């Protein structure tokens, strides 16, 4: 069935990314937005846009009935869920098929199967894919978790069965910390996914997090598009991703590819998906989970393979056969992604405020996927991810050099961002060597630099002096009708830190 | 000799492009700027920046002695000339070698040889490379030109021997128009290159302009990096370029590559250069000239080969051997470039003014090379080229779709730009088919569209109504000290159109 | 408020009234050629509006100099005159014969002038050469006629819109 | 004007006077810790300065809230307090024992409070949980002490900088 109108059930950079693919395919894009997002970039970018409710996502972006209603009313044939929000909620594909809409993603059965992490682990174990030792059933109480942890041995990892994106995840080093961690994880899981089920597994020390990107059509064709290395994580939240991985050679890539394709095949999964593995220091790999959606980090794969994954998703959903064969997928150069969040770069505490000045990087090898614009209000309601910078180079060294250049060019004023953190990652010796694991973030220190202390002090003094001399009158404030306050007062009033 | 400090003897997007390569190579970049360019992007981007004189380029960017003086004082080992200005003036490489500086480009002898278009044609003819019939000596007077034109037959082309970039070029259809055209061409050549010499050749009807990118090291290694199709021209000024060309097949590419490498070899040329050809409707090719510099359109080659040409230039200039062999150069997908100029998209008349709002495109496959920023003043002193958009796709169709998306995303307020013109090129049937020639621009019409007439009228009425209600007081004007006037008054005052 | 918006080929009457100012947008009641619509406007910057009308989302850029508007949306560019309806009836028509003032289409340097007062010129004749951004631009006569006045001298710098010559057509 | 600029580890005295306002920049005479320099400043936007000093070109971004400045240049970020020299001598020192007010480090929702007035806590103990941007953030005691006051209730929404608790240390 030809798709020429798609509702994008998301916001931020991923909604813009999908709308861009629609534009290139001559498909009408239909956005939905909460009251707080009226001026957001995804609303302005889409061909059509409909309000969906109040700012809290529970009353807007997470309300399946409203999304289906708008999709039907606006004559869409399909819904793209992006990532996060409803992307891994099987009720959305189910509602889609009842309403006669195409869900751009797997069937609700495959999603439900893989979304239940304990069921998924059982299935993979049966299929002969290595898994990490752990408990396969949701744990009812903290006591049950404690006895399971005793059997497996500390450290253990608590994870939401409905989870993803690092939410509802806790590592527990010793028995006395289990109870509090279990309760926090439950609460977070409930808040994030509407399901408080928690399971537990052995915590591998210093593993690497490596995942395989998959495309599977509805005619049984499955290919992989190489691995992504996602070991730069904090609280199980990925911060930097790259492809290819420094430790994956031809043989390991082939073997992980076979396992990933098998995992997709046995779960009856279609569309784009990712099979996540942990790889230990002996380069043994263990199945972790399937991310039943497009991932935040998909652009690194796009840059080294030349494949537009969102377009492929749409083509698969419309029933087309994959035009790509496994032999068509090569590796051209190297790509790295940095996730730019509205967070303090030291404490990772969220930062909110109005984006007052925005200069995005560009030039050779740099791609930006952004959900923000000048005058955009970063609010407390949604995920702090503002944008992603992706750098391509003929080799990893060039990709790193270009990423450093891009981070240096990138100016976001009005909120704190993780850009300074990413600079530290990119010059970290372990990262540069390629020999790093999921513990790398804890080793990245904020090194006090004094190189430009004097120039910074001079600039501060100049601004202090100039701003004392500029007096604004109340008349000027009348121009606030144009929302210019951020720009006009930017130098003397700061929001967000 | 290792290069770790480079003076960039240019401005605008190309100066930024070179500074970016320096950043990635850990080389200190040193900018020069005229008084008018104190706040320009290239000055802010470079590690160091020195004022070089008043706004007119004849008193600043074209003054060789000042450039050499600053390069020596600031301990640079090398000078990169970019394109335009002094890039093809052999006096600069000559002055460099006297001052003990490396010129990042060919030797002054090779440049002088190729810069004299009539000498270059003689040399190529001798080397067995096909050339266009014409007069090989500079023409002293309009009468001399007239008699030469009679011999060859109209239409003829007048060209500056020192030329490039479409300046000093005139096509003459009939004898009565020769005199005026000859004088205009001389005046333009004198103003642009400081040399009024004009020569004349047969004007090929509906040819394609196709050029080969070359890299040649100082050890005799020469490779080509495929062709660029540059047939979308107006007044011999390229507007859109792409690679690969739709009419170049493997065989033609190989034969043009051999001819181009031979042209470079016989002229003793080193560093990056371009050999331009005209290709007639029978796919016969004729040598046109060698562009002895990096070209505006170099990024399309970078996108399909993965080679960073500016970095290669620097490595060659420091005496390194080419690390690339001819067999390493493939073609990955397709790339197109649109040159965005501050010109009226219908009349191509220059437009000057303050850039009040700037939103640059990004996302999959899009690269922007820009010399502007918000608050930048587009002045009458310099070339109207503001930036370049380059789109990559897995094939030409995807590259065109992405370019259209990028042009739609690109917002430059404050001056008129050629963006609407480029949109018309990209949907033009001849362009889309790939079957076009250098006459294509005259066939691109401004088609009046009424699709969004009502919405545009509504927006105009809303702005008219709102702006009548907003009264600015003279107090607000005091904030002009911060140069905010463009932003504050942007809605009610327009400069530049 | 009602405005008469014209692009030369089409003339539209647009009536607008503000219904509501909300935290993230403003609602307007519009009447365009008799059709009534309610639209949502979010003014991103002075020159940049986001409009949602019947669910359709438009980024519209509006720049103007007095009554001359340039409006861009979805890659299309419109040049409008926008006049308050109350002013329309009182405005007089411009003549299109008689004296024609030729103005500088861009800022630049007058390089050479080919005509003097009293010269008879044909449509398309080159009147003078203006150099800007390193290009020599020939300014041609828009119609045949007699040069009434030459307002500039060779070597002069002119701004966009400055008078160059007056032609009697 | 002279300012005392401090990042906690270093304190610099910076004296600035404007020498000249030119069309494209301003020249300042600076004296920093006794060294005199003439610098060129071009203020690109309120928060964005281009500085050229001895030929070195710096893009510097300056944001501030009252006397707290955050300055970024070449990828480095400095947090300064900037005080007019005349004010320094009159300002009193802050005590660092006694009452310690724990403020919300970000806006969010108070999910749960683990302590009440009079409780004895150890450094590192979780005092309350604040949810923001979908993450649950545990707020820990910065030092051991006794809870003097709990300023918020579970379920309350707080802004960045709002008082959460008062601790006697």
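Remarks
When the chains are written out, they are named A, B, C and D in that same order, and each has its own residue count from 1.
One rule holds in what follows: a residue touches a chain if its C-beta (ideal position, glycine included) is under 8 Å from a C-beta of that chain, and two chains touch if they have at least 3 such contacts.
From a predicted model like this one, the values you see are computed outputs, not experimental measurements.
For the pair subunit C and subunit D, chains touching both partners: A, B.
Each chain gets one centre point, the mean of its Cα atoms, and the points for subunit A and subunit C are 47 Å apart. Computed from the mean C-alpha positions, the centre of subunit B lies at a distance of 30 Å from the centre of subunit C. Residues of subunit B found to touch two or more other chains are 373, 408, 466, 482, 484, 487-488, 491.
For subunit C, residues touching at least two other chains, in rising order: 43, 45-46, 56.
With chains as nodes and touching pairs as edges, the resulting graph is of another kind, matching none of line, ring, star or complete. Each chain pair that touches appears in this list: A-B, A-C, A-D, B-C, B-D. On subunit D, the positions that touch subunit B within their shared complex are 23-25, 40, 42-46, 50, 52, 55-57, 59.
Remark: subunit B residues 30-31, 35-39, 43-50, 74, 373-375, 482-484 touch subunit D in the complex.
Every residue of subunit B that touches subunit C in the complex is listed here, in rising order: 167, 180, 184, 187-188, 191-192, 342, 345, 347, 349-352, 356-357, 380-384, 407-408, 411, 413, 420, 423, 448-466, 468, 487-494, 496-497. Touching subunit A in their complex are the following residues of subunit D: 1, 3, 5, 7, 9-10, 12, 14-16, 28, 30, 32, 39, 41, 43, 45-49, 51, 53, 56, 58, 60-65, 69-78, 80, 82, 84, 105-108, 111-112, 126, 129, 131-138, 160. Within the complex formed with subunit B, the residues of subunit A that make contact are 16-17, 20-21, 23-26, 299, 302, 306-308, 332-333, 359-360, 362-370, 373, 394, 398, 401-402, 404-405, 408, 470, 472-473, 475-476, 478-479, 481-482, 484, 487-488, 491.
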